[in-house]
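After this come two complexes, each holding chain A, first together with chain B and then together with chain C.
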Partner chain A sequence: MIKEGKFGVQEAICLTWITIVSKVFFSSPAVLARLIGSTGWYATLISAAVALLGFSFIYLLLKRFPDKGIVEIFDIAFGRVIGFIISCILGLYMLFITVARTSELSGFLRVYVAPQSPNWFIIGIFVVCIYTLSILGLESIARLSKLLIYPLLLGFLTVLLLGVQNYDFNNLFPAFGYGLDKIAYNGILRSSVYGEVIILAIFAKSFQGARFIKKEGIIGISLSAAIISLSLLCCSLTFPYYIEQEITSPMYELSTLIDYGRFVQRVEAIFLYVWIMSNFISATVVFYSFMSIFCYTFRIPDKKPIIIGSCIILYTVSLMHKNIISIILGYISIIRNFGSLPLFVLPLITLIAVMIRKKGENTNA
Partner chain B sequence: MRKVIIMLILCTFLLSLTSCFDSIEMDDLLYVIAIGVDKGISDKWRLTIQFPTMQEGGGQMQSVSGGSSGSSGHSYASIDAPSFFTGIDMLNASLPRKLDFTHAQIIVFSEELAEGGLIGEYIAPIARFGDIRRSSHVFVVKGKAMDFIKENKPLIGTTLSKNFQVLAHASENTGFFPHVTLENFYEDLKSPYGQTIAAMASVNDLKSFAGEGEPWGTEFKTGGSYFAGQLPRTGKNKIEVWGTALFNGDKMVDKLNGDETRFLLMIRGEFRQGRYTMKDPKRPEVIIALDVRISKKPEIEIDIKDENPEIRLKFQLDADILSVQSMIDYENPELLPLLEENFKKTVEEGIMALIKKCQDLNTDVFYFGENAAKNFFTIDEYESYNWNSRFKEARVIVDVDFAIRRTGTQIKSYPIKDPIGVE
Partner chain C sequence: MNLILAIKNIIIYKEPKNTYEFELLEDEQEDMKSGADHTSYGNDTSAAQSLDNSNNVYKELNKNIEEIKQEFHFPTNKDIVIREFKVMRKTNACIVYIDGMADKSTINDYILRQLMTDQEMYEDTKISIDYITNNLLAINQITKHISLDQVIMQILNGLTALFVEGCEECIVIESRGYEKRNITKPEVEMVIKGPNEAFTENLRTNLTLVRKIIRNKELVTEFVPLGKTDNLTCAIMYIKGITNPKIVREVKRRITGLDVDIIAGSGGLEQLIEDHPLSLFSQLLTTERPDKTALYLMYGKIAIICEGSPYASLAPVTFFHFFHSPEDYFLHWQFSTFLRLIRWVATSLALFLPGLFIALTIYHQEMIPTELLFALSNAREHVPLPTLFELLAMEITFELIREGGLRIPGAIGQAIGIIGAVVLGQASVAAGLASPILIMVVSIAGLSSFAIPNYSIAFAIRLMRFVFTFFGGIAGLYGITAGIFIFGGLACSMKSFGVPYFSPIAPKTKAEHNIGIIAPPWTLKERADYLNTGNRSRTGGTVRGWIRQDKRGNDK
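Here is the complex of A and B:
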C-alpha cells in the first residue's frame, strides 16, 4: 500500500494553484492572442467556468467513493481490464504533460537566458531536481509549494505592478477580439488549462475527504483563474494583439520592458525565479501523478524503485522534440485542445458508468 | 534536517539553470552602448558600434579613436556587412572581446536609410534578437549614423551608457523630442492603429552659432522652431536630439521641429512638461515665459458614423508663469485670462496645423486609430475599416483648456522705473 502522507487544505490549494498557473509564463498568451486577439483575459474565465463544471464531475465521483483515488474508482467502475486501460491513458497523459512542460522550459530558457546551454544540460538539471523532490514524496512537494507560494506570488505581482508604465488600455480594443464565437469556442476548448486540478482526485486519499477536495478544487481553480486572467490582461495591456502573438514569452518580455531609470530596470531576474520555481513544482507534481498512477495500475507497492526509471524516460523523451515550434504548436496545442478529454471527460464517463452500475455510496441513498 | 539540506541543494541546482553553462567573465565582453546603421558601400549595411574601453580614467579623456583601436574611455568600430548578425561576427573577428548587446542604449539609423524605407528590413531582425533589449531607444540621425557615433562623447561624467539614458529621458522635461523605444517603434511599424515616429538626432556643426554680426532685434522666435542640427549653439558637445521623424509604414516621410513635436506629444498624451516663450499680448516686442504641463491624458472621441470620421480632441494644460519681461501685472485676475486665451489660441492653431500636415502626409502619428477601434466589436471589422487610410479625410475638432495655476514666487508685478536723466 502506497502512502502519500496527509496535508491540509492550504497545501492542496497551493499545489493546485502553482501547477495550473505556471503555464501562463510560456507561449500561452501569444497563442491565445493569435486565436482570439486581446480577449484572453476574459476568455480564460470561460475556461475556468467550464473547468469548474468538469471538476464537479470529479467531485461527484469522489463523493461516491470516499477514501478512494480516481484510479481505484476506474477499476471499480469499469472492472480491472478496462480500468487498467483508462488508468494507463490518464497516466501516460500526465507523463506527456510533464514532457511538454520540461521541453517547453528548456526551449524558453535557451531562447531568453541560456542560449549556449545544450538541451541535455538544462533538461538534465531539471530532471535531477524532479527526481530529488519525487524521492521526498508528495507531502514534501505540497509543503514546498506552500513555502514557495509567497515569494513566487510576491515576485509575480511585483513584476506586474512595475509593468504599469507600459500598460495601455487602448490595446484591449476591439473588445471582442476575433469574434465572440471564437472566444466562446476557445474558452470552452481550453478549459484543459485548469485540468491539472485532477491531481486532487489522483491523490484523493491525502486530502482528507471529498468535502475538503471540493473546497480545494473550487478555490484552486478560482485563484488560478484570477492569476491567469491577470497575467493575460497585463500582457494585452503591454502588447497590442498583433505584437503579442509574435512574442515567444510575452510575460518574460513584459518584465524586460520595465525601465524606471538606472536603478529599477532589468527586473526579469525576479521573473526568472518565479518562472523556473513554479515550473519545477508544477512539472514534479504532474510527474509524480504519473508515477502514482503507474504504481497503482501495476500494483507496485513502493514508488522509489521506479522513480529513477521514470526520470530516465522523462529525460530521454523530453530531448526528442524537433524544435521549439514543435513544442508550442505541437505538444502544447494537443494538450490545450484535447486535454479536457482525459482530465474531465474520463471522470464524467466514469461517473455515468458508476451511476448506471449503481456503484458507490449513493446507491444506498 | 536531511530534508532541509536536500531542499537547499535542490534550490541551488534550480538557480543554476539561470546561467552556469553560459557563464562568461565580465571582462571577456565588450559592451556595445550605441549601434549605428547606414547604407553600406562595400556591402548592404554599414554597421557602427560604440563601446566603453574600460580603461583607467574612463571617459574623462573624452577623445574618441577611430576603428577598434581606442585608447580612451570609449571607442567605435564600423564595418560593411550583409546583415547585422554577420556584421557582429565579422567585428568579433577583429576585436579582442566578444561583443555583447545587452547594454545597448540606442539604435541610430541614418535619415537616408529611413527615407529609403529600409528601416523595417533592419528592425524586424533586431527585434527578434534577444540580446538587444526592446527598451533601448531609436533615433533617426540627420547625415550618417557613423558620424553621429563618432561625435558622441560623454561630456559629463565618465559613462557613455548613463549619458544616453539621461539624454533619452530628457524628452520628459522638454518635450522637444519623443521618447521612442525599440518596442514602441517596432509595434507602430506593424500597427493598424497609426504610424510610427522616432526621435531625430544630428551632429551640430555649430555653424548656426554666429560669432559676430548684427544683434538680434525684437523679432519673436519660440525657440522650438529649429530642426535637429540647427540649434544656434556652441560648446564641446556636438550631438543633439531634437524633433521627430514621421513615418508612413517603414518610410520616413517628413520631420517635425521642436514646437511641432511638443504638440504631437500633447496629443499622444506623452508631453509632461516644457517651457514656452510667448509674445506678451500687450507688448509684443517682449516675451512671457511659461512652464507648461499637461494635467491629464487627452480625451479623444472618434465618430465613424459618416463617410469621413470625426475626431474630437480635448485636453487640459496647466502652467506657471516663469517670467514677465514687460512687468505688466498679469497676476491680476482681470489680465490673467488674456494670457490664457492667447496661449490657448497658439496651441490650438499649432495642433490644427500639425494634424493638417500629418493628414497631407497620410500618417496618423497621433494614434487616433486606438480610439477609433473602440467603435468596433471585432478586429476583423476594424482592420477592414482600415483606419490608416481614413485618417486623411478625418474632420478634427480641437478643444484646449488652458489655465495658469501659479504665478511663480511673485503675486504682483511692479513696474521697473524708467531711467531719469539718461539719454
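Here is the complex of A and C:
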C-alpha cells in the first residue's frame, strides 16, 4: 500500500504556506494590478475569507470520514465510476498547476536571470528536482519545507524591509481601485489562490486526523493571506498600479530597486533562492498530489514506477508554450478563474452527496 | 551483457522489498525498567554457555590439547603457548595462551606458582574446577566455560585457558597484558579549555576513561563480538533508565546481524550499521574524547567502542551535533554561541563560496559592485582558462597539498603545506594560470572547512563543494538553489537510528536549546524530546538551587 508517512502540525502548515504563497512571487501581482488596480492587498483578504469557507466544506467532509483521503471519499460518495472521473479531474488539475508553475518559473528565469539559457535546460533542472523529491516521498518534502521556511522567510522579509526606500503611500490610491464591485468579484473569483489547501485533504491520512487538519488549514490560509497581502501591499507601495501591471514579476523588480550606496545595489540575485526554492517546493507538492491521486484512482500500490513517466509528461507539456505572455494569459488565467471549481466546489458537491446519501460516521453533521 | 542488465533493471518494475525500517515513535515508548537485557563484562559462565554443545570441553586433557593444537595450527603457529603441568603435583593440567597477548608475570606468579605449589596438608583433596577457583588461583577475574569455541575466542582476546584432567569445564583467567599506547592528548578534537584525554586502542582503557567521568551504577556496558573470523569485541555503553531501550536493542540487532570476516574498527562498523550508507552525511558521530562520550551518554545516546579503535561512535545523532565542539560546554554560553555561529558561517563558506563565485562571475555580474568587477576583470585579463576550469584546477591543487601534507611526517608536512600553498599560489598567479581573487576564494573555502569540528562532516562538505561549484558553473544561482533543494531533500529523508536527521527543527519536536545557539546552562533542564528518553528531566527542579535557598535565608 502507498504510505506517505506521518508528520506534525508545523510541517503541514509550512507545506501549505509555501505552496500557496509561492505564486505571489511571479506574475500574480501584475495581473491583480491590471484587474483591480492598487487594491490587491486587501482584495486578497476577501479571497482568503472565501477560501476559508471553501476549506470548511473540505473539513466537514473529512470529519465525516476520519482516516480517509478526499479521493477515497469521492469513491464512497459517488461510487467507483463517478468517483473515478472526479478523481481524474482533480488529478489532472493538479498536473496542470504543476505545468503552469514550471513554465512560469522557466519564463521568469529567461526574462530576468538567464535569457540565453534554453527552456529545455531550465525546465530539465526543475523536473530533476521534482523527480528526486518525489522519489523521497511526502515526508521528506514536508520536512524540507519546514527546514527551509526560516531562510525563505528571512529572505522575503529582508527584501520588503530593504525596499522601504522606494515605498510611496500615494501609490495606494485610488483606495477602491476600479470600483468595489470589481474588488468583490475578483476577490471571490481568485479564492483559487488559496486552493492548494486541498493537499491537506488529499494526504489527510498523514496529517493525524481531521481536528489537526482544521487547525493546519486555518493557520495555513491565514498565514498565506498575511504574506500575500503584505507582498501585494509592498508592490503597490513601490510601483503605481499602471506600471505594476506591465511588470512580469513585481517582487523581483522590487528587489532590483534596492540601492544603499555603491556596494549594496543590484542585489536581486541573492534573493533568487527565495523565489526559486518556494516554487520548487510548491510544484513538487502539487505534482506529488497528482501522482498520489493517480495511484489511488488506478489502484497502483507503489508510486515509484510512475514517477519517471509522470516527470516525462510534465517535462514535455511544460515545454509546450510560446513565451511567458502565453503562460500568464493562458495557464495562469485559467487556474485563477476556474481553480475554485475543482478545489472548493467539488468537495462541496461531495459533501452534499454524502449528506443526501447519509454516508460517513457523523450523519448529523 | 552487464549494460543490458543495468538498463533492464532501470526499466522493469520491481516490487518494493518489505525491508524493516526502524522508527522511534513516541507512542511506542516502552517501560524503561524492563529495558534492554544485558550481559555485563566479566560475568560468570552463564552468558557463554548458551552456545551449542557440539564442541564442548572434553573430560580427557589430551583430547582438549589435541583439539586446541588443531584449531590453532600448532606447532606451525608459533604464537600459541601450551604449557602442561601438574596441579598440586598430582593432577595433569595445562594452560593455553597467546604469546604477547597475555601478561607473563600474571601467568608465572599468580597462575603457575599457585597451581604447582605442593600443599601437603591437603593431600586428600580432590582436585576440581571449583576447588581451583575457590582456593588456588589468586586472580580477580575468572570465568568457567564448557564450550570450546568460547574458550578459543577468549584465548584470542588475550586470556589464559586452564584445562584440568577429568574436568568438563575450562577455567578462563583474565591475564591480558599486551602492549598498549598511553593515554595522550586528542589530536583532532583539541580544546583550549577542558580535559585533554583521548581514547586509545585499548578497549578496557577506553571504557575506564568513560566510567571515570560517569560514576553511575546505571551505566551499562555490553559486549558484542564483531566479525566472523577476527573475533573483535565491541562495547555498547548506555545509561539504563535514560537511554531508550528500543535504540539499544536496535543497535545490538544491527551489530549482531553483521556477517563479514573482518571489520575495520569503528569506521568500518559505522558504515555497516548506519541507516543510509550511500549518503555523504555520517549518521553516527565519531569522537576521540571520553568527556564528549560521557556527555552524550548522559543525554540518552549510545556509545559504541570497538577494540583497537581510539574512537567512540555515538548514536542517534542529528545534523546539528556535528557542529558541536566539546569546548562549547566548558566556555561561557555566550562565547560558545559565538563560536557556533562562526562554525555555521565557516560551513556556509566552505560549501558555497566557490560555487557562488562562479555563479556571480559567469551569470550574475550585475550584482558585483563596479569597482570590484573592474578588479576582477583586471585580475583575469591574462588568465587563459575559463573561470570554472580555473577554479576546479585550484581546488584540486588545494586538495593535493592537503593530502600530501598529511602523508609527510610531522613538521615537514606542515612546512610542505604552507610552502606548497604559497609557492603554488604565487607561481600560478605569476604564470597567468590563476587570478589572485580566485586563490583567495579557494583559500577561504579551504580554511573554513578546517573550522568544522567533525572530520566526517567536513569531508562531506569538501566533496559537496565540488558539486555546488559545478551547479554554479552550469546554471548560476538557479543551479545552486537546485543543488540545495536536492541535497536538502536527501538529508531530510535520513534518519539516525530512527531519529530524523534534522530533529528538532524538521520535524519539530519540543525545543532543545542546544542545537545552534546555546542557552544558559541553568536553562538546559531537559533531554532531547526526539530521543524518547526514559527520564526527560535533567534536574529535580531548579538547577541553581542555591538561589532559592539564598532567598529563603534572606526572608528569615
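As a convention for this text, the second predicted complex is superposed on the first by the 363 of 365 C-alpha atoms of A that agree within 3 Å, B and C clash if a C-alpha of one lies under 4 Å from a C-alpha of the other, contacts with A are read in each partner's own complex, and residues count from 1 in each chain.
Methods note: a residue touches a chain if its C-beta (ideal position, glycine included) is under 8 Å from a C-beta of that chain, and two chains touch if they have at least 3 such contacts.
What you are looking at is a predicted structure, and each value in this text was computed from that prediction instead of being measured.
Considered on the superposed chain A, chain B and chain C are sterically incompatible, since they clash.
With both structures placed on the common chain, the touch criterion links A:82 to neither chain B nor chain C. Once chain A of one complex is fitted onto chain A of the other, the partner contacts of A:37 are limited to chain B, with no touch recorded for chain C.
Once chain A of one complex is fitted onto chain A of the other, the partner contacts of A:259 are limited to chain B, with no touch recorded for chain C. Once chain A of one complex is fitted onto chain A of the other, the partner contacts of A:175 are limited to chain B, with no touch recorded for chain C.
In the superposition on chain A, no contact is made by A:161 with either chain B or chain C.
Look at A:240: by the touch rule set out above, it reaches chain B but stays clear of chain C.
When the two complexes are overlaid on their common chain A, residue A:111 makes contact with chain B while staying clear of chain C.
Contacts of A:10 after superposition: chain C is touched, whereas chain B is not reached. In this superposition on chain A, the options for chain C are 131-139, 167-175, 473-481 or 545-553, and chain B clashes with just 473-481. Overlaid on A, the two complexes show chain B and chain C touching the same residues of chain A, namely 109, 113-114, 117, 121-122, 125-126, 128-129, 132-133, 136, 140, 144, 262, 265, 269, 272-273, 276-277, 280. Those residues of chain A whose C-beta lies close enough to touch chain B in the complex are 37, 109, 111-118, 121-122, 125-126, 128-129, 132-133, 136, 140, 144, 166, 168, 170-171, 173-179, 239-243, 253, 256-259, 261-262, 265, 269, 272-273, 276-277, 280. Interface of chain A with chain C (complex): residues 7-8, 10-11, 109, 113-114, 117, 121-122, 125-126, 128-129, 132-133, 136-137, 139-144, 146-148, 262-263, 265-270, 272-273, 276-277, 280-281, 302, 304-305. Every residue of chain B that touches chain A in the complex is listed here, in rising order: 3, 6-7, 9-10, 13-22, 130, 133-135, 162, 165, 169, 181, 183, 186-187, 190-193, 367, 370-371, 373-374, 376-382.
Remark: chain C residues 13, 15-16, 359-360, 363-364, 366-367, 369-371, 475-482, 484-486, 488-490, 492-493, 500, 502, 505-508 touch chain A in the complex.
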